[in-house]
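Order as written gives the chain letters A, B, C and D; numbering starts at 1 within each chain.
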């Protein structure tokens, strides 16, 4: 019963098997091998973007921070939600890679930027000319840190605001597959057709070992990305092992199947939780994470039985009145089973 | 017949197998798992350094650049050989991670810093006080980029100079195992006993898929390293897969066996080359790389038969007089076979 | 009738005269001259801080950004008010000089940080350990960007919170003299006795040509400051001309007299404005700036008669209903005259 | 008898007078005043460059480092002479402002880059593609740190090499006036007609108090420069006082007269030195600095009589055999008098 994060799960067996399959003979290093080339071709097909450039890195933080660095100047503001991963969970990696840009925080329910708030933030920034940080870029997290998703039309609405100010748009898609299957649209509809310029296309959280693809829809930015990736220490010499993971992930729609499973597990967990007396959702369950409040007594029973997850926010206390509701974040992954959920719920009721 | 680099080889089967073995159930992410803890313990034992802190990253560039960043201030000079990997092959990663330190280049045969030249470089730097870049740190590559090694006494001689100026010492050990078996000493003798403060302990080039351990002998620098690693995007969420590689690598002295094999293959290749009419070594063969000049005609025959390697320097031409000698870099790895070498030599003679 | 800023005024005649007086013969450059030494001595006396180190730079942005860079690591948060100059008016200079720290914004009336809000911001930051930006430093602007001042006890209250978290405290004193005479306390009481570690002690806005002193109460940080100042291009070769300005500024309490005058002018302006029908203060008038709203018609008459000042916020429109009140920022300086104020008020009524 | 540097002199009286003249009434801050505008117009005329953009800063280090930052990416090499001021005397400011570019050092007599050495350095850099620092820009110091000058044709020869590799060219003209009058050419001939893209046009060393103009011949780079200047803390609020200095400096060819005088004093000193038994020039005397070796005994007599200058290199000793020749750097300025030189020479003979 581990709902702490989708990164406490291992890798899907197909991904591990692909590493072994790729481990034959000498191949060119640094991404010049056929497997790496094939991954780029496959991602272009999936995204209906024959001009896109695809770069693999091993962590989501690297994917996001490098993407920001090619999309904004050091003096450009990055507009993102107050709870975006790039703001809260990357120890300042975007600031480091951009050489000091400023994240300007936008509010909105369920960790989704409110379009009006985004427009206000952009128009407020840089009004004083040379004295201010300038308008730089917009970064959208989909699925969000609160388990919600943006539909393509919602992404397009934010992009439209960005484009009105001539700003490029990044999507942090660490959980892109979860958002996609929830939205029921194509990868192209969720990204470049909705105005996204660069996508961090996550693999790690959804069944890979450690690989993310940065998909750059405008190839003019590609060479700079390559230089920044190398300079950041993120260009793998034995690059075939990044490519092999991604290849397996994309074969026979494995990535979509795994995300669909994780979302279904979250839906099951969400439904079960809502049936618990005194429990209620804190955010709607739209992807693979459930944010729900339920009585402290139920928390104690579940954790006593070995369930792992985070109270959300962290600093709540399990000490005290058993009937008080405390909120939790419960993340399902490709590896979550219905049995785990049933067992977990059995301890709460 | 691929001698292009030790990174064109795959991973040792034990390393791949270890990934599968580690792929069971949920474990804490970001290095808080038992496997990661075990690797730290094992490396402390190997290095006889119970206080050392061990951090895993996936690339040598990350290991080196992060090490530099904790050892010098932005205004500190990094003293290294003119042909050090950090100077020539990392696209300025040390300058990026240190926020702009200056690499001060030291000469010496076979890519080894000459102690007198090092002392002169250090004493020359920072003499003008506030106007100059200050003295920062010393970085020693072992084995060197020219296939030579420093014996422990040679490392100690350089460290002694560094310490006289109160400078910390880093060792770029991307090919540490190759240097170690060539020198016939213990890991401790090659490092902290010889004055090394931080070691980039390479795994990737010697049979891993993508893992390097940064060994910090002085634990005071550890927390800063952790922050810089995260901020650089080099902290893996599914960290067990870095640890599993390193664990397999260190089990039953696999790392030493693989390095010994690579060195033996280089010795065999070196001996064979020296028997070719018109061939001669450019650098002594001490680890797993051979630098030798031989006639252009022999190059053409070998490459025509499918041999891969780099002319060294790159910009020599295969066009022209067949008897002219051109130098090459030929790198052997854990995966090089005697048969490959025999076949290669057969085309040269 | 120029109330646009205290930096549209020139320099006090004594300051200009001091430049001529300093312009005799050869003197050592880069601050090794007697005049520069004398300024350090004088500032130590004024602040009752015999160990303090004093460094001169020419701009407030340099003083603030360099101060931040010695007080926090790149991964440290700078806690400051949402409207602090370092957040809003320096084009990201603190982020640049610190190599990417994050400004965490704290609310509070009149651009003063509310202690409870500061404590919440600090305790909220860095809770997730390595994943988060860490707690770095606190920066207090006195007088604030809204023309208010912190009394020494208020500074001490914020410092006490900072110290509880082991954070150093910076004071942006671009208008330090204005705050000091308003508070009626000693320089020591306003700074180190209230927990301030580093002060940007402004001269430019209060009658100098272009000089600010960074006063570092803890000398351990001094050498790093010197290196950062040089590396930032802020060490003057003909340093005597910075020192001469500061010397004149501090002679016979000129700095206090000028600030007192500016504050009195603001008080007069504030009183006059409050007598205008339909006018009211937006922030209390405590130092040398007045923030007041008055009818659009009055704005039109004043500006038509040649008055200069900013609507606050900028983006209000003079077009439309004459009776609607619009807010303005009106800054008085050492050079403001009672006649200017009378004339200005005469156009409003 | 002060020959330590041209920055130990004060400012020309006309420059000081101009500060007083500019000190009347309120004027717009941050360079929006008429005086600042007039300086730009005047420099455009002097350089026959009606499209050029002109920005004032207060130090040479700021002028150079900001210029580099707009001319190269962080991963671009800056090709300069081994003894360039940006390499030796700015505490790494170019590395800081560029966010970590690498200075690649080029040899040549008298601190002038040898064209063949420059071409070799450029063609050697970046050959390995993504793994290497890329080719960024060329920086030429005129007059050089060894007191020599490049004639326009020599500048053009270096620029031609740079342009062949599509690299922009910066000129560090901290002593531009001295070089210009020595070469006997026009400002345009020395700069944009010879391929220079950005010039650091020095004022401080040649009679100003503290002002340098950055002349950007290609206006496309101008806005980025403005942002970097502000972000670096180098935009003066009371900008009129930078402009006033530069205006006085350029009025009635004062700048050329002062440089001509300094060069003449150096020529007189050089001639006098060469007449001393045992003395000889180390570098030719072409601008305002003399590099000469003469017996230790003569050094002792001169310094005993109160002469100030640097032994060059610093670390020679005045202890020992009186007949041994030691080299010195002797810098003349606009303020050097024939009498000082005669007195100095009288102590040597």
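One rule holds in what follows: a residue touches a chain if its C-beta (ideal position, glycine included) is under 8 Å from a C-beta of that chain, and two chains touch if they have at least 3 such contacts.
This structure is a prediction, so every number in the text was calculated from the model and none was measured.
> Hey, which chain ends up farthest from chain A, C-alpha centres compared?
Result for max centroid distance from chain A is chain D.
> Roughly how far is chain B from chain C, going centre to centre by Cα mean, in whole Å?
Whole-Å distance between the two chain centres: 51.
> So, what's the distance in Å between the C-alpha centres of chain D and chain C?
34
> Nearest whole angstrom, what separates the Cα centre of chain B from the Cα centre of chain D?
42
> Give the residues of chain C that touch two or more other chains, as numbers and ranges in rising order.
Expected reply: 74-75, 90-92, 96, 99, 130-131, 134, 227, 230-231, 235.
> So how do the chains connect up here, line, ring, star, complete, or something else (other)?
Shape of the chain contacts: complete, all pairs touching.
> Hey, which residues of chain C end up touching chain B in the complex?
The touching residues are 30, 73-75, 99, 130-131, 134, 224, 226-228, 230-231, 235.
> Touching residues of chain D toward chain B in the complex: what are they?
Listed in rising order, the residues of chain D that touch chain B are 74-75, 88-92, 95-96, 98-103, 127-128, 130-134, 314-315.
> What residues on chain A touch chain B, complex-wise?
Chain A residues touching chain B: 2, 4-5, 7-11, 13, 16, 19-20, 22-29, 57-63, 65-66, 90-93, 96-97, 204-205, 209-210, 227, 230-238, 240-241, 308, 335.
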